Amino acid sequence: MESVKRIEIIANSQELNRLLRILDKAKVPGYTVIRNVVGRGQRSTTDDDLVDTSTSNAYVLCFCQEEKIAQIEEEIRPVLNRFGGVCFVSEAMQINALKCIG
Amino acid sequence: MESVKRIEIIANSQELNRLLRILDKAKVPGYTVIRNVVGRGQRSTTDDDLVDTSTSNAYVLCFCQEEKIAQIEEEIRPVLNRFGGVCFVSEAMQINALKCIG
Amino acid sequence: MESVKRIEIIANSQELNRLLRILDKAKVPGYTVIRNVVGRGQRSTTDDDLVDTSTSNAYVLCFCQEEKIAQIEEEIRPVLNRFGGVCFVSEAMQINALKCIG
Amino acid sequence: MDFNLIVSNILNPPVLFFFLGMLAVFVKSDLEIPSPLPKLFSLYLLFAIGFKGGVELIKSGLSREVILIILAAIFMACVVPIYTFFLLRIKLDLYNAAAIAATYGSISAVTFITAGSFLQQLDISYGGYMVAALALMESPAIIVGLILVKLAAPSEDGDREFAWSEVLQEAFLNSSVFLLVGSLVIGLLTGEHGWEVLSPFTQGLFYGVLTFFLLDMGLVAAKRIKDLKTTGFFLIGFAIIIPVVNAGLGIGLAKLIGMSQGDALLFAVLCASASYIAVPAAMRMTVPEANPSLYVSAALAVTFPFNIIVGIPLYLYVINLFWA
Amino acid sequence: MDFNLIVSNILNPPVLFFFLGMLAVFVKSDLEIPSPLPKLFSLYLLFAIGFKGGVELIKSGLSREVILIILAAIFMACVVPIYTFFLLRIKLDLYNAAAIAATYGSISAVTFITAGSFLQQLDISYGGYMVAALALMESPAIIVGLILVKLAAPSEDGDREFAWSEVLQEAFLNSSVFLLVGSLVIGLLTGEHGWEVLSPFTQGLFYGVLTFFLLDMGLVAAKRIKDLKTTGFFLIGFAIIIPVVNAGLGIGLAKLIGMSQGDALLFAVLCASASYIAVPAAMRMTVPEANPSLYVSAALAVTFPFNIIVGIPLYLYVINLFWA
Amino acid sequence: MDFNLIVSNILNPPVLFFFLGMLAVFVKSDLEIPSPLPKLFSLYLLFAIGFKGGVELIKSGLSREVILIILAAIFMACVVPIYTFFLLRIKLDLYNAAAIAATYGSISAVTFITAGSFLQQLDISYGGYMVAALALMESPAIIVGLILVKLAAPSEDGDREFAWSEVLQEAFLNSSVFLLVGSLVIGLLTGEHGWEVLSPFTQGLFYGVLTFFLLDMGLVAAKRIKDLKTTGFFLIGFAIIIPVVNAGLGIGLAKLIGMSQGDALLFAVLCASASYIAVPAAMRMTVPEANPSLYVSAALAVTFPFNIIVGIPLYLYVINLFWA
């Protein structure tokens, strides 16, 4: 098992493409997107009542090598500052398949 | 990056409002809900076959400061005991936006 | 609070039953499945454009005791090698309900 | 017994598609009707049946007969959970007995709708007020079930006390009762005029949507069948015999107050059917001690298919005997 | 005022189901129309209205009258956001003022469709070209709103500069404009022939789907009402008075260029309605400084219900006065 | 060539909406038909076409002609994957060659349905048994493809051995074959009576749902076009030429056994079309070594649009020549 980083981003669906472009640019080995999640945050008080309109959020999950984090953090911070959303990083171990990430 | 706690709660959709009220009361900075997840647990043997009926589960994800955990734990435990569901806490780092949680 | 392991598996929906059988066989205390997630990986270049067809992925989340990990890892690795998908393990604490896992 | 009735019931597209759905599960086909499409069908059916009931109710008016039928409906919805509760206590604990009793005291709208379309094909008419009976029979059993728990439970904990407002909420304002009653009232208000503009939608699609919905119900019911292993013979027997008994009681009452044959069938079906959505949802919240796989599986995997396939024509056969 | 018009508007299934949806939220019923079903209804309505408009446009052709109507539509879509912006600046900051102004300069397709079905019931005809006006009034306000921000914003940051291509994208190619215009063009191309094969679908279901969609809109609008606590009286007043003023301007313009009564009502409704999907989506991306709960709630929880319930019959009443 | 046929094909709402869907992707509109709505449409279409086929089959009966057509269908479904496999091996490895061969040996139900609605507009009739041919041509290629892999693969690993039961499962009980055959059988069983009650649903909506579904297919196909960069010219050429060749073979066979013009077109379209759902799903499970982006993109982004736009009228043109 190899040690990797786990990035979680939650933001308005409209920002999704912008966020994925950042991940692609950082050449992460992959990512997973869960669409139509709802929530409450500092800015998105409109989702207060958890109405599931076109204004729902997307949840992006990406496991990648520690070295990528700095670049991703730097590029993602201004996007979140401007359009809202949150990003968290934690630790994980990858179960090695043939091609591993770590 | 600031260190925060990551709370995950999985429970029947019917309990969702009760759980979110607990989080709101604890003044967490935000949360995200993924609806219509399915699963198997100790009590919900009815979801055995992963039939997606109105009895699906909700997945609640909340990043918050360590200090909130004790209160949330205390209020959430009786709900899970009575109606089923599980709750887990882990570690994460927040990528600071303008307004950070940690 | 008891310390447990958190297993995350993301793979094509067609593999879901095979994966759940492995978890059941390992007698994990439960699991949660989020269906219709999309993503990009090393092999699944078909999901490139995030088209939500019948070829979507499933996300499986399972909290279990540390002792189960070895068996699950051993059985899951050949499936992921053959059909694609990724698996990660991390740390978590369970908020004890009456019946706890850890 | 009149074999023709069973055959003409079974050779119906909706019933055949119900079988097809069950078959899909048995042969492990990957056929599925993904969520929330079944919800779309059920919203549509409740809307269509409620609206039609309202429009017809305004034509027929509130006669003495209608009031008698409605009283009979409420009566049965209160009596069934009580007598079945004591039956079930023979084998089951308090909580499961109350939850199952509530399930069988309430009704299944799809069974009612299938019976309605069966009548339509046989050109037997029925009154729009039967939809009001349908709406009124959904909730009482939930209340009765909870009163039974309250009376019989060893020590009353504060939690259950607190739940009462939620219970009434669940009982009378759950989405299916709410939409059904709402559509009925709107049908009453808009009458003939509303009917004209809406009928291509509410009538034209009705049979097709019912067919699709029963395909899904077949899938869902068949998936539940394997849960029956854990429920035991007592409950399986209960889930077949009690509907027949309830239908019998319903038919007797129908004869007593002089319902028409069509109304009598629908009333019998209401008495015979068991709830697998509204009541389970309420029980999960208010009697969490009960095991949902018991009450849902009995209602869904046994009683529902039994009524759809055998029950509806059987009850009509009996009615035909007595009304002839 | 002609009370009959209000009553005949309210005693319509779609409007009554709108009330039912609001009621469901107020009494805390768990009725919901789960996503993406509302999307299905809105795709259907845009498709059906666009296609019908195209088929009718090919019959009527592009007369001088039609061109005048279309110019009037674009004119109103540009003027409304400008004048309301300066009004809103009295109480609100630059960004929120611009976002709300854009919202009210644009239109709500469902309000238009509801007005259309109201006319149909009163047997008042209207031209297919009004659908073209609908399509053309959706986008300009987005552009105008952004120009206002650019002109008034203190220091121009590079980010906003960069967004222009995305803005035009959002304004002219967002899914509702795209599907509406696309369906209109296809209606033009296939004409009578396409109409024949598609009309059981586009006509037969229209009223029923509209009814279901308004049920959902009732749920959504009512959920937004509690947001109004934070918006203040100024914005609530704005959300009622401005639609009436805009409808008045629209009616004046309609009289000036000699529209028929049906066309005039639809034009008034376009001027009076506010966007709660396309413009908010564009504003979220391009003026993230503005607070979505302000502009969405005003449009959705106040203006939309006001127009559906009071506005449509009121505007028709005024039109009847002046055209008589 | 008869230019009119192409035009009258293209000036069809379904085909125009297919273009609209593609256009939406090219101009980067955010139009989308969110999951699971496309699934609803495809379930509906399979149900409607299967049911109609069954009802018509009971009228026509199983004549010698019908049996010949069905044998021809199975023959083509077995021969196409074999000959294309050897062609594909020129440039591709064993696994990809087998997967693509299987894809082209199987069929696309939507292409069939679009051809059927094209015939209907030209008032050319076709037999209900063609739906049986459709159902029978979906599965064989999956089996043939796997046999080819088994025979040609260097060392047989146990895993593939084990998969056989799953393969047969996937081939004959996948949801589209299952629902199609099930609906056909139910159509057979309920005949004229079932037809009457269901036809407002299965007929009235058919064209509209097809139109919506092709809008979605346009979106999906266009999104795949950028994958073609990696597939290379060989495969793109294959995806255009092989359908024409297969249609030619089909037309020859049709002439040989004396099919009517309508039947011949549908048969040609079945031979020409490639599977982009059932076979890919089966291949992903049984030949995971193959690259899905190759076989899905070729079938979906090249062959499907080609058949819908050019193929259908072209094949009919050739048939008209030979049958005249």
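Chains: A, B, C, D, E and F, in written order; residue numbering restarts at 1 for each.
In this text, contacts are C-beta pairs under 8 Å (C-beta built on N, C-alpha and C of every residue); 3 or more make two chains touch, one makes a residue touch a chain.
Here the structure is a predicted model, which is why all the values come from computation and not from measurement.
Among the other chains, the CA centroid farthest from that of chain B is the one of F. Placing every chain at the mean of its C-alpha atoms, the farthest one from chain E is found to be C.
Chain B and chain C touch with mostly distinct residues; of the residue numbers seen at this interface, under half occur in both copies.
With centres set at the average Cα position, the gap from chain A to chain C is 19 Å.
Look at where the CA atoms of chain B average out and do the same for chain E: the two points lie 39 Å apart.
Here the CA centre of chain A is 35 Å from the CA centre of chain E. Residue positions 34-36, 39-40, 204-205 of chain F each touch two or more of the other chains.
Multi-chain contact residues of chain C (touching two or more other chains): 34, 36, 90-91.
Interchain contacts (touch definition given at top) occur between A-B, A-C, A-E, B-C, B-D, C-F, D-E, D-F, E-F. Put simply, chain C touches chain B in their complex at residues 1, 4, 6, 29-35, 61, 63, 90-99, 101. Contact residues of chain A toward chain E in the complex are 12, 14, 36, 44-46, 48-49, 51-56, 82-84. Looking at the complex, you find that chain E touches chain D at residues 11-13, 16-17, 20, 23-24, 27-37, 40, 121, 203-205, 207-209, 211-212. Of all the residues in chain C, the ones that touch chain A in their complex are 8, 10, 34, 36-42, 50, 57, 59, 73, 76-77, 80-81, 85-91.
Listing the residues of chain E that touch chain A in their complex gives 34-35, 39, 159, 220, 223-224, 226-227, 277, 280-281, 284-285, 288, 291-293, 296-297.
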